[in-house]
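Across the two complexes that follow, chain A remains constant while its partner is chain B and subsequently chain C.
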Partner chain A sequence: MVEIRLEQLAHAYRRGGAYALRPLDMTWRSGGTYALLGPSGCGKSTMLNIISGLIQPSEGRVLFDGRDVTALETGRRKIAQVFQVPVIYRSMTVGQNLGFPLVCQRLPAQTRRKRVEQIAERLGLGPMLHRPAHSLTADQKQLVSLGRGLVRDDVAAILLDEPLTVIDPQQKFDLRRILKEINAEFGVTMVLVTHDQTEAMTFAEEVVVMNMGEVVQSGSPRALFERPATRHVGSFIGAPAMNFLPADPMGPQVAVAGTGLAMPRPDATEGRFCLGFRPEHARLVREGATMSGIVTRIWFEGLDEILALDHPSGEVRLRAPAGIGLKPGDQAGFVLEDGALRLYRDDRLIA
Partner chain B sequence: MYRQKYIFLLPGLLVLIAVILFPLIFTIRVSFSSWDVYNPGLNDAGGAMYARMWEDARYWQALWRLSLLSVATVLIQYLLGFALALLVWRDIAARRFFRVLFLVPMMTTPVVMSVIWRTIFHESLGPLNPILEGLGIGAQPWLSHPGFAFVAVIIVEVWQWTPFMFLLLLAGLLSLPSEPFLAAKIDGAGPIRTFLSVTFPMMGAISVGAILIRAIEASKIMETVYVLTSGGPGTSTETVSYYIYIRGMRDFQIGYSAALSLTYLIIMAVALTLIAKALMRLMVRGAGA
Partner chain C sequence: MRTLYLALKYLAVTLWSAFVIFPFLWMLSTSFKTQNAVTGGATWLPWLQFEPSLAGWRALFGGAGGVNIVKPYLNSVVVTGTASAIALVLGTLAAYGLSRFSFRAGPIRNGDITFFFISQRIMPPIVLAIPFFLMLRWLGLLDSLPGLILVYVAALMPIAVWVMVDFFNTIPRALDEMAWMDGCTPVTTFIRVILPNVLPGLVVAGMFCLIFGWNDFFFAFTLTFTKTQLLPVSIVALNSSVTPWWSLSAAAIVSVAPLAVLAFVVERFLASGGLKGAVR
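And now, the complex of A and B:
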């Protein structure tokens, strides 16, 4: 239950080598839920391992509640970390697994037993306390890893390094629910690393999108969805991805040729422009379309259908209610909701 | 259906018969004869050879000695091998160099090395005793005193085969996943607790494998004894296979040595199976999951 502050934190795996993590400043409030989202190799796990102390950062400081812990060894940071692969101590029972951090703290057996029982009860592992840990299913093993963190009464934060990747879909759902409940109940700061946008968006209050060792955008899921700071965020978040079409300054506007898509022209006009909008913000119309094109593909998605439209300036995708009766080859047009259009210059949001 | 499958099995089957089944059955047959240098040939001696074996104290002593020798050498090899593997497991300077260096004894020819060790142990000409004298320990009767000769055999065996243990255990250590170690770090475990709770349990299966391979090899200890002490002084370092060699190849008591061999085979098969089972139960918790 601490506030985590990263000050000018950066890391290169080799001295003088390329940054795996570029200098960044960030504050995560106590009890919050955060997600680090990005493709493999973007530096999100590096960041997590720096917080837990498995990696010493080459620059900057890590502060827990204002206290500098950069040099503090991992075991003393009171962190729980759950890894992608469920980690259990195979030679021990579930109960011994859960009690291991307390054994390391040299707590008396009675205290240990009480804590372990409490946590096991909370995580639904109560009936399995005496079973060998290796006989559990993958999601139960993840709960044991989580429990080993929670069992310390002074746990500072729970770091989750893609903990749901190897879990079956149904159990994934349950595990995510349990994580949320634990967060609410214990008020413990949680940081989730993932490359699954749905996971990040449903879990966290604040999502930190990373790419190439850099924080690209950090904000609430809604903010990321509505106003992606870069093309990368727009493409990475939302399914289907945000549409981007190249645009050119035309008179007082920046517009996509051959369409009605236009935004007011900014003062400076150097650079590459493009306009972006979410497939969700488009509405199919028979007349008065802002833009139209040939339907090239249609995906089924339950109540919705995703349409791909071909236009000389590029392909766009739209989300439309199912059963509109279009088929590939048809001409289709759409209008956008007010304020749905975003203007990017050199792949960065400017309006 | 698929009757042709037997044709494909045939080559393997033939090899099996030629290499294992025929010698085995022949040995069984020979053990019930009194084939020796005076009466060569397969006659019917009933269980005479087995009765003789039952009374042969030298054989049972050799068996007991071999058990002691095997347990002692394999245990020391395991402990040393594990320690060495742990030393060069993590990033240390010149790690590759040490890994190769530790393997050198295994690459040498056992018989040749036994000859060299015999020279080293030689009580008046070898280099070991002068060194011990220089250290103030004094010269020792390495090959002429029963106890010392036994220790000498153990030293040579350990020297020769620890690298094998080291190799297997190092391979095992290198194949361990890193997450449990990270988790132990996060849980606040120190190096000793990490070893006892994480490293050692995870090494259980490979340890059993390595120990068994060495135990099987050790149960056949022969050339070291042959070269180093010739079983002496007296019979104090004689192992079963060496005694069988003396009876069969030197005294040419084929029938008797067949009975000895067969008994030895059965005892070893049973003993090693029991050892394997016990080790599995002891060291491999969570096997099969």
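And now, the complex of A and C:
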């Protein structure tokens, strides 16, 4: 359980080549839960491999509790990792799999057995200790991988590299719950890599959004939801995505033409402006609407409906309670909650 | 319908078995024949068509007109066994390296190194006869067991590398990485985590090494004189102006026996699921 600090960390796979990971600084507190979120090839796996020591970064340092481990070999970092495709020692039983890190540490058999039984019990693998590991299902294998991290009481952090990708939806839900519980119980730092925003938002206390080898925004799920730092984050996080409408400076304001959507005008007015808001922050009204348009589509989502409204400035989507009785072709208007509107210049949040 | 299918199946299997077993039975029967029973037209049944004789078998142990093959036999066992073991160990280590690490020397990459190994088997052995002869003479190892073992290791290692590289490539690299993270050293990782997964490969590579080593005549012939003979050479030495089919048959039987046993054991091992779970 350590605090992980990344200092001016960057990586290029070829000397002088393009950055796979652009220079970044980051501190992850001991016992925290973090998620690296981004599309494939955005550098999140590179970052994970640098932390576990499988890749030597071309620039910067990695510190565990203030100690520089950049040059330390993988085996000495006390990192555990759960891979995307379940990896287990298939020539061993479940128990031998769980106990293997302790064998590597040369702990006595007595201690090993006790630890292994304890962890297996916690993960619900108790009855399977003597089964060959290759006979397990995918989600059980992932639990074994997780258990191999937990048996060592000196484990620094558990890295999860898209561990839920190949798991069935129902088991995915259970496994995510177990991960959270384990984190609370053992106080072990966990870093989850994923391209699934729901997974990241529900698991982590801090989500690091990455794109093209760059950290775009890092913050609590709430912050990412309410104040996306770029249009990319706003579109990537939340379903449906955040609404963005082109806006122009008009008098003391920046406003979307033909609507009441407006924000105070900033000092500098060069650049492309747009206003954004979450579909969740809009409320349908009969009179006094800030903006109105023609309903073009309606998606059913259980208790909610998603409405698409057409307006000369662009299409917006709103989340509304189901059964409001609108149908495609109807005119509909909405107001926004106070403080729900965001101003972007050149796709970056400025207010 | 089903009965007919079964009947046809058994008929086919029986015919094929007869086809395969016949030469062995013929060899066995010939090994007990005398010259008259061989040269005077085909004879089949002992005691009825010919009088069985042990002359062919006696010739193998230094009997009249024969060559004592006991010592060459033991030499062959020692040379093939030792060379195969060394080739397997070195070849497996080399293959692991080629599968897991990137090497480069100028334009040469891993694939080229692997091909270099395999190319040793593509080249006709005769090309190597003179270099090997000169090298062994320089080392003072001509006509000796260590000399032969050295040459056989060189000849067998490509087979081991070739087979094992493919097997290692099927093992996901994440397995190595996981073991490193668990605190394993690279050597322990190799022995405790990776090797058990390539057991089928080791069996197959070992079998190839033993077969090629045991059957080699060329190097055994060109690199020895009289002191250190191997089995294939001594069997050829049985030959004379009148081909002694009876003693050659007996010799063929004893030289095929170990490989037949090996094939049987490996087949059992594969069928018993000794490899279960070793392959994804």
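Everything that follows uses one rule, which is that the second predicted complex is superposed on the first by the 351 of 351 C-alpha atoms of A that agree within 3 Å, B and C clash if a C-alpha of one lies under 4 Å from a C-alpha of the other, contacts with A are read in each partner's own complex, and residues count from 1 in each chain.
Here, contacts are C-beta pairs under 8 Å (C-beta built on N, C-alpha and C of every residue); 3 or more make two chains touch, one makes a residue touch a chain.
Everything numeric here is computed off the predicted structure, so don't read it as measured data.
Trainee: Quick one: on chain A, after the overlay, do chain B and chain C clash, or do they fit? Just give me the call.
Mentor: On the superposed model, which is not a single observed complex, chain B and chain C clash.
Trainee: Answer with first, second, both or neither: which of chain B and chain C does A:G31 touch in the superposed model?
Mentor: Neither partner.
Trainee: Under the stated touch criterion, which partner chain does A:F100 make contact with: chain B (first), chain C (second), both, or neither?
Mentor: In the superposition, A:F100 touches chain B and chain C alike.
Trainee: Based on the A-chain superposition described above, do chain B and chain C contact any of the same residues on chain A, and if so which?
Mentor: Residues common to the chain A contacts of chain C and of chain B are 52, 54, 74-76, 79-81, 83, 85, 87, 89-92, 100-101, 104-105, 132, 134-135, 145, 148, listed in rising order.
Trainee: Taking the touch rule as given, give the residues of chain A at its contact with chain B in the complex, in rising order.
Mentor: These residues of chain A touch chain B: 52-54, 74-76, 79-81, 83, 85, 87, 89-92, 100-101, 103-105, 132-135, 145, 148-149.
Trainee: Under the touch definition given earlier, write down the residues of chain C that touch chain A in their complex.
Mentor: These residues of chain C touch chain A: 172, 174-175, 177-185, 188, 193, 196-197, 277-278.
Trainee: Please name which positions on chain B make contact with chain A in the complex.
Mentor: Touch residues, chain B against chain A: 177, 179-180, 182-190, 193, 197-198, 201-202, 204, 285-286, 289.
Trainee: So in the complex, which bits of chain A are touching chain C?
Mentor: Result: residues 52, 54, 73-81, 83, 85, 87, 89-92, 100-101, 104-105, 132, 134-135, 145, 148, 152 of chain A touch chain C.
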